[in-house]
Amino acid sequence: MDMLDLGRKILASQPFSVLLGAELIHLHEGAAEIKVPITRQLGQQHGFVHGGVVSYMADNALTFAGGTVLGPAVVTSEFKINYLRPARGDALVARARVIHHGRRQTVCRCDVFGLEGDDEVLCATAQGTISRLSMPS
Amino acid sequence: MDMLDLGRKILASQPFSVLLGAELIHLHEGAAEIKVPITRQLGQQHGFVHGGVVSYMADNALTFAGGTVLGPAVVTSEFKINYLRPARGDALVARARVIHHGRRQTVCRCDVFGLEGDDEVLCATAQGTISRLSMPS
Amino acid sequence: MDMLDLGRKILASQPFSVLLGAELIHLHEGAAEIKVPITRQLGQQHGFVHGGVVSYMADNALTFAGGTVLGPAVVTSEFKINYLRPARGDALVARARVIHHGRRQTVCRCDVFGLEGDDEVLCATAQGTISRLSMPS
Amino acid sequence: MDMLDLGRKILASQPFSVLLGAELIHLHEGAAEIKVPITRQLGQQHGFVHGGVVSYMADNALTFAGGTVLGPAVVTSEFKINYLRPARGDALVARARVIHHGRRQTVCRCDVFGLEGDDEVLCATAQGTISRLSMPS
């Protein structure tokens, strides 16, 4: 199975990602891209996408990017996100890439964009640590 | 209308919070508490609650806490979260409080706990900045 | 050698900590406190203490706190700091404590205060991850 | 006075930056670069540069980058840093750039490299918020 197929299988096994309509668009060594079509149920009180959707996307894209170099058994240990503009458009896309990787951890960055037609607007940026899960022996 | 009633009205006007089943448990000056009953649809692939739910809760509790001192027109500008343990139990609760507030911004902290019966287990901790929205004149 | 003595020996072996005049005031399981007397050479252009001194103190106090549960061979992997007020007074003190610890990492928080006479003013707050150094075999 | 000259004048008015031997190498709209020659007094106990020096550099380069779009009266409100590798070499250089700017705040990123001969090794990466100082009227 290639990396993207495996990633899509993992995403499809996350009920919360299914609930939000998340799609894995790209996945290759050191990079991941997740898309979420914007629907009314993802909104906050002013009609924009809720920040919690944006942070979910950043978190998950960071994890998938880290997983491309650490293997599929990974978790986000921590991340930080700056919200830059209201999240809106037809869809959001989160693009994460590995900045540095060690044996057990990677540090990744992620930008989240609002897509409207051919336009992309940066609406948040994140940085975090992805860790390989310790497997019980 | 008292603060908690106003807060619940705001939470109820966020479709994403409604989708996740979030409830505002406490809201008083400098503090907010949000609860989300754990359901299967909030999960990730290993059966725990998805980190995106936890980050949503931290983000939203931080915003509500900040709103108690800055007024209801606030947003989370940025936050950082450390995931400490798998999120599980019957429900999650996020407790946020204001650490410092200026005229336009507050800095808040939030702990997220998994509740199982009478037990509470800390599963994540966050710190962030809440900003008053600039109103167009 | 008790924990505080060992910690002071480590601090004294850091030339940068000696340059800044840092003192280890307390060190016990799960907590560390570092003090830096304010001198003119630690300032920025407006007469307050430079933010870099405050971030040094947060970083180092986090590391020492983590070291009380992980052992002396530790490093700060990452941290986040919010500056709350100008740092000033007679001295600064950074108080860190362990929030959660695993086998290889701890998550700690740190508050930095400006001391002036008997007054303490919170001027920054930080949160970060301390990791045990992997020893070459 | 051009932007780089003004920046150097500001850096020279920070006693802590003078103590550390910091030099402003580049400064133009949206970007700043600060260099610190490595000396023994900047070290920690293992012979590498102390993390506090790295965080000072990230903090200060972020502030200078933000200042190129917000004007010279700025402060770092908050930042987050991930340490990636031991900081060593002949000098460290911090390169910051503006990711997004609003009227009162910018969000910037900064990479810190160790320089040894012609080699550059990334040793830390940071992200933070720079704010315009509110001037008393």
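Chains: A, B, C and D, in written order; residue numbering restarts at 1 for each.
Keep in mind that, in the parts below, a contact is a pair of C-beta atoms (placed from the backbone, for glycine too) under 8 Å apart; a residue touches a chain by one contact, two chains touch by 3 or more.
Here the structure is a predicted model, which is why all the values come from computation and not from measurement.
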Which of C-D and A-D has more C-beta pairs touching across its chains: C-D
Candidate from A-B, A-C or B-C with the same interface as B-D, over half of contact pairs in common: A-C
Mean-CA-position distance for chain C and chain A (Å): 33
Centre distance in Å when chain C and chain D are each reduced to the mean of their C-alpha atoms: 20
Cα-centroid distance, chain A relative to chain D, in whole angstrom: 29
Shared interface positions of chain A, touching two or more other chains: 77-78, 80, 82, 107, 129
Footprint of chain D on chain B - complex, ascending: 77-78, 80, 103, 105, 107, 129, 134
Of all residues in chain D, those that touch chain A in their complex: 80, 82, 84-85, 99-100, 107, 109, 122, 125, 127, 129
Residues of chain B touching chain A in the complex: 10, 13-20, 40-45, 49-53, 55-57, 59-60, 63, 75-83
